[in-house]
Structures are given as structure tokens and as C-alpha cells.
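As C-alpha cells, here come the structures.
Here chain A shows up in two complexes: once beside chain B, once beside chain C.
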Partner chain A sequence: MKFALTTTALALILGLAAPAFADIKIGATISETGPASFLGDPEAKTLKLLVEEINAAGGVNGEKLELVIYDDGGDPNKARTFATRLVEDDEVVAVIGGTTTGTSMAIIPVFEDAEVPFISLAGAIEIIDPVKPYTFKTPHTDRMACAKIFEDMKKNAITKIGMISGSDGFGASMHKQCLSIVGDYGIEVLADETYGPTDADMTPQLTNIKGKEGIQAVLNPGFGQGPAIVTRNYAQLAVGLPLYQSHGVASDGFIELAGAEAAEGVRLPGTALLVAKLLPESDPQRAVVTAYKDAYEKATGKPVSTFGGYAHDALRILVDAIKRAGSAEPSAIRDAIEGTKGLVGTTGTVTMTAEDHLGLDLSAFRMLQIEKGGWKIVE
Partner chain B sequence: MPELLQFLLSGITVGAVYALVALGFTIIYNASDVVNFAQGEFVMLGGMITFFAHAAGLPLPLAALIAIIVTAAIGVALNKLAIEPARGAPVVSLIIITIGASIFIRGATQLVFDKQIHRFPAFSGDQPILIGGATILPQSLWVIAGALAVFVCLWLFFTRTLIGRAVLATANNRVAAQLVGINTNYVMTLSFAMSAAIGALAGVLVTPITLTSYDVGLALALKGFAAAMLGGMGNPKGALVGGLLLGVLEAMTAGYVSSQYKDAAAFIVILAVLFAMPQGLFGRKSTDRV
Partner chain C sequence: MRLSSKVTTLLILAAVIAIAPVFFPSSYYFRVGSLIFVNGLAVAGLVILIGYAGQISLGHAGFAGIGAYACALAPVHLGLHPALAALLGALLSAAIAYLVGRPILRLKGYYLAVASLGFGILVSMVLSNEAQLTGGPDGMAVPELGLRAVLKAIGIDLSNTEFWYAFSGLVLVLGAWLALNLYHSPTGRALRALHGSEVAARTVGVDVAHYKLVAFVISAVYASVSGSLLALQNKFITPDVAGFMHSIEMVTMTVLGGAGSVLGAILGAAILTTLPQVLTIFQEYEQLMLGLVMMLVMIFMREGLLPSIARRIRGRAE
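Moving on, here comes the complex of A and B:
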């Protein structure tokens, strides 16, 4: 604590002593390379792109944004080193990052001690539950995805399901969250199978699920290649029941990997960003997601992803907070972030409170169905 | 009974993938006693290069051929640039070099290509073939046929050709092999080229089933290595049987016991086999003359 105080004091002195360098310095530690690079890569690109855009439009409160970005490679140890460096050497006023739950959890104590606001880009509910004063996050939690899926099942009078989950971090976490709330929806899990993240064939598990009497639908919490293979095996075995995938694979790449034919009819909760073109004109998110999608795809030549959207929202929340705070003082920014109201982002409309440092509700998810190799909104 | 058949077919599909990877280990091991841990990266390169050549508009067979040739060239480069300069080093050092090479290839691939997961179409479509109530994809038959073909070629190579025997001789005693006129440098280069080509062929065949990305090599190499150890390192027959056995074991455990213990059960059986038969099922007995 003393150390943190010294750091803050030092930051203040330096800040006072050098008013000529009035840029607002924000930090980021992102997994641009390494196993989580397909998340971190679009996140880093998005941050750089948006900061450029904001500065070109005159900056925030008349001051330019300066982005200090580090690549932690998905390694929590490195992330922690960079987090300390951001706070002590770079003296940033706020930090975005922590691509994975692992890196986020490792760096939260650094920012809590230094009292620097931190907006995480990782999924786990543990990041904001229990609420920590300086920690926020933008992606929906796994539990919300489960709730969205179960709501849709309930609507379709499905009461008995089978689950096949990835045994990687994402799959295991979502599996746990889903099981913890499934009872609230009057749904029973009759079969509960798993597969390894690098497995090449899931037909044995699916055969067992298919053989269970009374199952009305199958849910596959998972990430990466696993769900694509499950979907292909599901078609191979002609299981013939509705298949629900998670938000972890909500991307055009998933349809391509699974094949349009095998993926036909698959349902999953996704963000508005994925179906920007399908949103009705009246949708408040339409303008935001279309603008981001066009800008990102023009700048990088690559299709936009949900993960980049998380970084987009984090930066928007931060910039909005700095504007409202009228100052670039970390604690003022923190208070302003907590007061975020009705901010329309790519993942949903964000309204934070002292008890809710995520600020999204279930309407942030759209229930999507894959039809003829494309998406359809089904609500 | 259709369940049992489905588990078996699943096991054979996965097992054939392991067997193909395991077969790639045999040549380099036979030539130098080195277990090449970059073998998985050869498989990955086969899949990735084929995908990007195919995406660039080349027909699939041509893309696959290019992938195999390029990967073989990378195998030769690995030997020339990393293994040959360290020739005097003990086998353990050489194995560590191959681990380094595998990390390097993974990093380079992620920069040259990308970090996404890819797949190209199966050779004969995705319509499952029905066998007694169970199903198998046509691509699985391609993988099984590929594994068998590579096995037969390797078996003929090591037992019926002079150069194959030269490879075995080089591993046995490099100096003696040189004395009888075998160009051991050439044998090493050839074995890396062949191993890389087999790895790439495996990658071409399995990618429509397993999908590919820059980081699939490690997992494939580990399973392939386990299969090769189970069957007996260096013996093509061991690689084939070990791979299929491992695949079927995993599928049966997933089907009848619990999918949670799938990997554990397979490795317990491997440990038990190696405990009773340290050379693997078909490994050659090592007899040292003193």
C-alpha cells in the first residue's frame, strides 16, 4: 500500500511537473501472440485503429490519447510484469487488456493496489464478481450465454438436454456456469460428456448422447476447433435434434470450419456485431456496429470479430468516462466509468452501477440460427 | 451393437491419424536415433500450406503436392542448418534441437500465414458411409489408406532397398557405415526429407477431419510419439499398430467408461505395456556387444 501510495504520489508529481506533455496516456496488455492470439490480435488492432481515429478527430477534452501497448503472449507472468511497468514506468491513467481470464486475474491486484482503473477483455464472471473497485469488463459472462440458451430452449418446450463440453478453460468454465443455473429453467441434463481441445473425433460421445432416451436438444459449450468437429460429427451421425453452440464460436469462421451443410440449423447466442447487416434500422446498436465493422475491415482487410468488439467497447467506455470526468485523474475516471449509462457498444448497451461492473443484460445477446451458410436472428 | 461399431470406427479414424504421424518418426529415428519433435510441425505445415495454396486458387491435388515438396525442403533445411552442424553432439542435445526447431517453425508459420483455424474440403465429399448402423466419413478411409500405403512403402524401403539398409546401417554405427562406403550425410538429408514429406502427407490427409492451425503440431506430435512408443520406436509396423491401438483405446474409453478419462486410460495402457515390454510391442531388442 505504501508502495502504491508512493507510486501514485510520484505519478502526481510528474504529472504536475510536466504539464507540457498533456497527452492522456492509456495502457494495454494484450495477448497479440501465443495461444490466445486470435483473440488478442483483433483486440490490439482495434485499439490502435480507434486511438488513431479519436486523435484525428481532435482527441478527448482537447488532449491527444497516447496508447502504450504490450504483448503478453497469453502468459500471466508476463502480463503481470507489463501491468507493473504500465503503472510504475509509463504512468498510465487507465488500462485495457487481459485478453484471457488467466492474464486478467493475474493483473487485477496490480491495478487495485495502484488504484488505476482496469477494463478487462476476458469472459469469466470471477473478474467482476465479487466487485472490485477499480476493475471492469466488457465481454458478457458465460453465465449470461447459458441463460440466453436456456431461455430459448424453454421457449421451444425443451426440458431434457445432453451436454458435450470442451475440457479447455472456456468449455469447463461455461459447463460449470450452465450447470449452476440449468435448474432455474426447469431443464434437466441427462447426458454430460466432454472432449479434449485437440481431439479429432467426438462420435463416441455423441453416440452415447444419441442413445440416451428422452433427450430433446444438445448443448456444446466450447471454443476453437472442437465445436466445429462436434457439429460435423453431429451431422455424420444424423442425431436429428436441435444443436446449440456457445458464443465462443459466434463467427463466420465457424460456419466455414463446420461446413454450411453440417452447421445448418445450429443455434447460438451471438452479438449484434456478427449480424450488423441483418439488424433492423430501428436497432440502437446498428449504427455503432456498422461503423466499427466498416472501419475495421477497411483498415485491416480482415473480417471483424466479436473479440475486437470487446476492445472497441472498452475504449469507448473509457473515453466516455474521461470526457464526463473532465479530467484524466485515475480515481475520477474510475468514478465516471462506474457511472456509465446507456452507452451503446458492439456487445450491448452498457449501464454500470456500483454493484455491476459489466453493465450488460441478456438483451446484449441475439439468438442466432445458421441458415444456408449465413446467420438469421430468431427472436 | 451399432454403438460398438461406431466407437470402433471412430477409434480407427483417430488411430489412423496417430499412425500417420507415428510413421513419420520412424525414418529419422532409424537414421540417427533422434526422436524428431518437429515432426508435428511437418504435419501442420502440410495442412497449412495446402490450405493457403488452395485458397490462392490452385486445385487441391497441386496444392497438396506443393505442400509436400515445400515441407520436405524445410526438413532438409532443418537437417543442414541445425542438425548437421551439431553432429558430434549426444542424441539428447539433438532431440532438444528438434524441440527448438518446432517452436521456431510454429512461430514462423504464425507470422507467414495467420493464427486462424482452417480446413479444406474433404477429397470425396462429406456424405457419411453407413456400415451396419454406424457411420464413417470418406475422408477417414483416405487417412486409413494413406497410413497403409506409407507403411507398405516404408517396410519395402527398409527391407528391400539398398538405401534403406544404408539408413539402418548409419544409425547402427556411423563410422562403420562410412567405412563401407555409405555417404552418411546424404542418408541424414534423405531421411529428413522423407520424414518431412510423410509428415506433410499426413497433414494433407487429416486436415479435413482434424482441422489445422499454426499450433496443432504439438498435440499431434505427442499422440504420434505415444503411438510410436507403444508400437516400438523405429518399426513401421509398430507405428501403424500403435497408432490404431491408441485411437481405439481412446474411443472405447470415451464410449464405455467416461470421456473424462479418455486420455488417462490410453496413457495408463501405454505405461503398462512399456513396463512389461520396454521396447514397445514390436521394438527391436537392443543387444550391445561389449
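Moving on, here comes the complex of A and C:
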């Protein structure tokens, strides 16, 4: 009798526990701490927030999402271990993450080997070029940012520029991409300076640029505090030429850091998310970015950032793919992600193909100008 | 018959490596295991430097960086096989350790710590800044070692993680064997003598500067091979491998487990490699924990975890 009772109880418990296994398990390895935490922190918060939201609304295909998230601290070796853990131990059906290019590149082989779809949140074009079957990404590439900036320069009849780039991963990569396409726009780079990621003064480099005859504008591919210092030094030296910053500093924090006065007139390519309130009613992205911005700011009490937007788009793409695939099989999800069509995200409207695992075009960027400590769209 | 401590240590190590996979629920544990072995190898080298010779290096990650990038660069630019590239990295590390160590080790005191600290930072800066060559902070791809394919051809089919578990485990046992042999050799005795007292060692005819240099060069080769293994296993490498924190981690592992004992130091590597995997939520405080562990061990267990515990057990038995 006792035995029968125990077995029944056990069976009941097992029966009750079973539906938990039916959850759709998705993984993430994000650099929440460490040098890339200003990227990873909003990404992780966004993923947690959205998964909660989706589950509250009934989940995906009637099943709840379960998010397994690890903090790799920006260390590619650690990211690699967590990626292996997600695939082998947690047995997730898809993974979002790789906050930096380094961590993303280090973990791609894990997912390609295990045939689990992976959506990276890092910038470099190498992640999706050449195309790998299971690897996708959401942020625009540095090359697209360069193209957007050069288009704007061309429109303003600027043909001779100076460049001052950070020597960190972001700055070095964008510097390379910009130089590779600058010729296509009939623009010449007359001065090419660099600075280290922790340098506190860029006056010497800017003085060099200022002294060069014929320069019409200056471009600063960089990330973190460097561009803010460049902007301040630029104002102090009264260079008096248009200054272009990169999408790497498209945040309110940059204006604060550089000071509204020094940043006045600075142009940079940014996403719709940054100027959600300024978008016209007719803009297709307006509804998406406003909803995300409001939800994020309400939940965290912090201003929304472009980087959190990358995670937002990655999760939306994934959820959309699982819905269309009607299954949570990794290979089915992969095929569905590749078939993503006209999905409106915070970075732009995503349409993937077998040759394009990013799915964004230049229209995803808005050319922005800083005015009186705020943003203005200049198209 | 009583086994010598050398044979006992090697047997324990080999047995743990061979038996542990029985308890692995998934192949992710092979990955953690192989990381322990890779770190353990670097740490075994540091035992020779810190434990035997009593010198401190704060830049050994620099040698790991040289070993790792040799495997990434030499196959592309010199057309070398990755295994030969690892060898080249080891030779290069030895040569650099010789050049750096030769003038500095003639001095007494903490000069080696300061110089190696500078050297490690220098390597990581070069790797980050020479982007045309090294890919900069974004890192670069490392070619496949190719040994797994050879094994498959002769009928041993291992998954990637299983192969690296077995291979780095093998290299670790080999490294531990060499380090233990060194301990009982004339060189090892000379090192221990100068660790005890440089003046006394010199009086009995030990060339102090020479033997310190030998220890430094050997430990640099260990670190370089461990960097090569890491690069070949990950097939991708970034300058983080040569970072300052990595050097500190290595020293902490050595001191935690017991700088004078090869097995103890490997235990230290195992603990500090597994810890971040167990305490994933404490990632933010990892460096704080490292510092705390280091301080506690230095205050309460000056010989390190394993020797202190072993002594306590032995003391109770007697």
C-alpha cells in the first residue's frame, strides 16, 4: 500500500514536472560586467524584461520562454566556456549574445558545430561576412555607419577630411572599414590620427589636423570616453569645422560627458530609438521604439540605449522565427530566422536572406545633429 | 614497497584525469576540464619559479600570449604546422625570458616582479595595437591542429571537447612529470638552496643568478605552451590571454593550491577555474574574490591549501 502510494505520488510529481520541460529554452552569454558592461548591462536587462513580458502575454506558440543567461565579463575564453555550457549542458534551442566582436567571434564555432542558431549583438562585419549558416546579428556594421556619414558629407560638398580614431576594437575596426569605402564617395583623408582608449587629452592630434591645409570636416570613429574628450578638445581648440562622431557614442550619455556646449553641432548616425519622441507619426518604427523605450525606462529607471535595442531586436527576430517555424527545433528556427521579412525592430526593418544574415540597409540609420543638448534629425 | 612522492603525485593526477569523465553528465564538463589542465600547465611552470626558486613573476600571461599568437600567426605567415608554431612560440618565449631575466636576476629583491609586470603589459599592448598583424582587440582565428582528424582516421572518434580534454590532460601529466623530475635533480636542489638563502647557496658554490634564470626560462616555456593549447582549443584568440588579470590569476592559482607542490598548484588551478562556473551570479565580484582568497591563504595557510591540509592530517595521525 505504502509502495503504491509512493509510486502514485512520484508519478504525480513527475507528471506535474513534465510541462516544465516543454518550455522553450533560449540562452544568452552577455558581458554584463567588465570593460564592455555599458553595452552588456542594458542588453541583459532588455532580455530579462522582454522574456517576462512575452511570458505574461502567454508565451510563444503556447509555451513559456525560459532564458538562461550567463555573464562572460567580456572575456572571450569565458564566453566560449559559457557557450559550450549553453549548448551541451543547458541544451538551449538558440542563443543570443556575444556583446563584443571578440566574444562573438570566439563562440561562433561552438554554434556552427552544434547547429544551434546564434544571434550576435556585436558590430563587426566579420561576424556575418562570409555568411555562416547558423550565425546572425542585429547591429548595423561599422561599414554602414561609415557609408551613412560619407553620404552626408557628400551632400554637404565635403571632399577632404581628417580622421582621429580610437585604437580600441571598435575604433580600429571602424577606421579600417571607413578607409576601405571612402574612395567610393570621392572623399580624401588628408590627416589620419589615433589615440589610446584611456588617453585623457587629444589636443596634439587635433592640432595636427587643424594645421593641415584644406580639411573641411573631421571624423572620429570611437567609443566610450575618447570621443567625448575629442569633442571637448575640438571645441577648446576652436577648430571650427563640422565634427562627425560615430554610432558608437549615439547616446544621451555622450552629450553629458562632452558637455552640451562642446557637443553643439556634432553630427552622427544614430538609430530611431535614440530619437523615438522626434519621429513623425508616419514612421514605421515609431510604435516599436516608443513601446520598448517606455517599457525599459519604466522597468529600470534608466534611459534606453542603442545597445539594449540590439538585444530587443535579436529576441524579437528569434520569437518571430519560432512562431513562424511552429516548432522549437534549432534547425527549423535557423531556417525561419533566415526567412525573416519586414520585421520592424529598433535598429531598422529586418529582411534576411541566405546571403544576408544582418538584413538591414542604410535607411536604418538616421543622421542626427546635437542641438542645445538634445537631438535633431537632419535628413 | 613505498612509492616515491613523485610517482604517487603522477599516479593521482593521471587517475583523476582518466576517471573524472565517468561522472560527467554532459560534454560541457570536458570543456571545463580541459581549461583546468591548460591553466594547470601554466601553474606547474610557476611552481618551478615561485615554489622552487622563490621568485615572483607578474607577467607570465605575456608568455601565454606569445605562445597563443605564435599558433595564430606562424601558420598564416610562415606556413608552419600549428604544432611547429607552438614549438616556435615556446622557443621565442624562452629566448625573451632569457633576455629579460638575464640582467634582472643578477639583482636581489623584487626586481623580477616589477620587470615581468612591465613585460606582460608590453606584450598585451603590442597584441592590441598591431591590428594589421594581430587583428587588434577583436582577435584572430587560429588554424585547426589536425590531430583529431588523424585520430579519427585510425578509428578513435572523439568529439572536439573530449579530444581537448584528453590532449591537454596528457600534456599536463607530461608537464607535471618534468617539473617533478626537476625537483629532484641537481638543478632543483640548487633552486631550493637559493630559495632558502641566497648567501648560503652562493657560499656552497651555487651560481645564484644562473639558476634563477633557468627557473624563469623554464616557467616561461610552460606558460607559452599553455597559451598555445588554449589558442588551438578555442581556434580563436584575443589579446585578453596576455592581460594583466590573467597573470594575476596564474599567481593566485599557484599560491592558493600551494606554490611548493605541483599537485597543490594544479588543485589551485582547478578551484579557480571552476569557481566562476559555479558562482555565475557573482561574476561582478570575481576580482574581489581573487584578492580575498589570496589574502586569506597568505595569512592562514602560508604554504597553500594542499600542503597545509596534508600537514594537518599527518599531524593528527601521529
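Assume the second predicted complex is superposed on the first by the 359 of 379 C-alpha atoms of A that agree within 3 Å, B and C clash if a C-alpha of one lies under 4 Å from a C-alpha of the other, contacts with A are read in each partner's own complex, and residues count from 1 in each chain.
Here, a contact is a pair of C-beta atoms (placed from the backbone, for glycine too) under 8 Å apart; a residue touches a chain by one contact, two chains touch by 3 or more.
As the structure is a computational prediction, the values presented were derived from the model and not from experiment.
With both structures placed on the common chain, the touch criterion links A:Glu256 to chain B but leaves chain C unconnected. Of the two partner chains, chain B is the only one touched by A:Gly211; chain C is not. In the superposed model, A:Arg85 makes contact with chain C only, not with chain B. Contacts of A:Pro139 after superposition on the shared chain: neither chain B nor chain C is touched. Once chain A of one complex is fitted onto chain A of the other, the partner contacts of A:Asp201 are limited to chain B, with no touch recorded for chain C. Applying the stated contact rule after C-alpha superposition, one finds that A:Thr33 touches each of chain B and chain C. Of the two partner chains placed by the overlay, only chain B lies in contact with A:Asp41; chain C stays clear of it. After overlaying the two complexes on the shared chain, residue contacts for A:Ser173 are found with chain C alone; chain B is out of touch. Applying the stated contact rule after C-alpha superposition, one finds that A:Gly224 touches chain B and leaves chain C untouched.
Residues 33, 167 of chain A lie at the contact with chain B in one complex and at the contact with chain C in the other. Residues 32-33, 70-78, 80-81, 84-85, 87-89, 100-102, 105-106, 109, 113, 124, 126, 167-169, 172-173, 176 of chain A are the ones that touch chain C when the two sit in their complex.
Per the touch definition, chain C reaches chain A in the complex via residues 25-29, 31-32, 35, 128-129, 131, 136-139, 141, 160-161, 230, 234-238, 240-241, 276-277, 280, 283-284, 286.
The touching residues of chain B, when paired with chain A in their complex, are 3, 6-7, 9-11, 13-14, 17, 110, 115-119, 126, 128, 135, 137, 206, 209-211, 213, 215-216, 219-220, 251-252, 254-255, 259-260, 262-263.
By the touch rule above, chain A contacts chain B in their complex via residues 33, 35, 37-38, 41, 167, 193-196, 198-201, 203-205, 207-208, 211, 224-225, 228-229, 232, 235-238, 253, 256-257, 259, 261-262.
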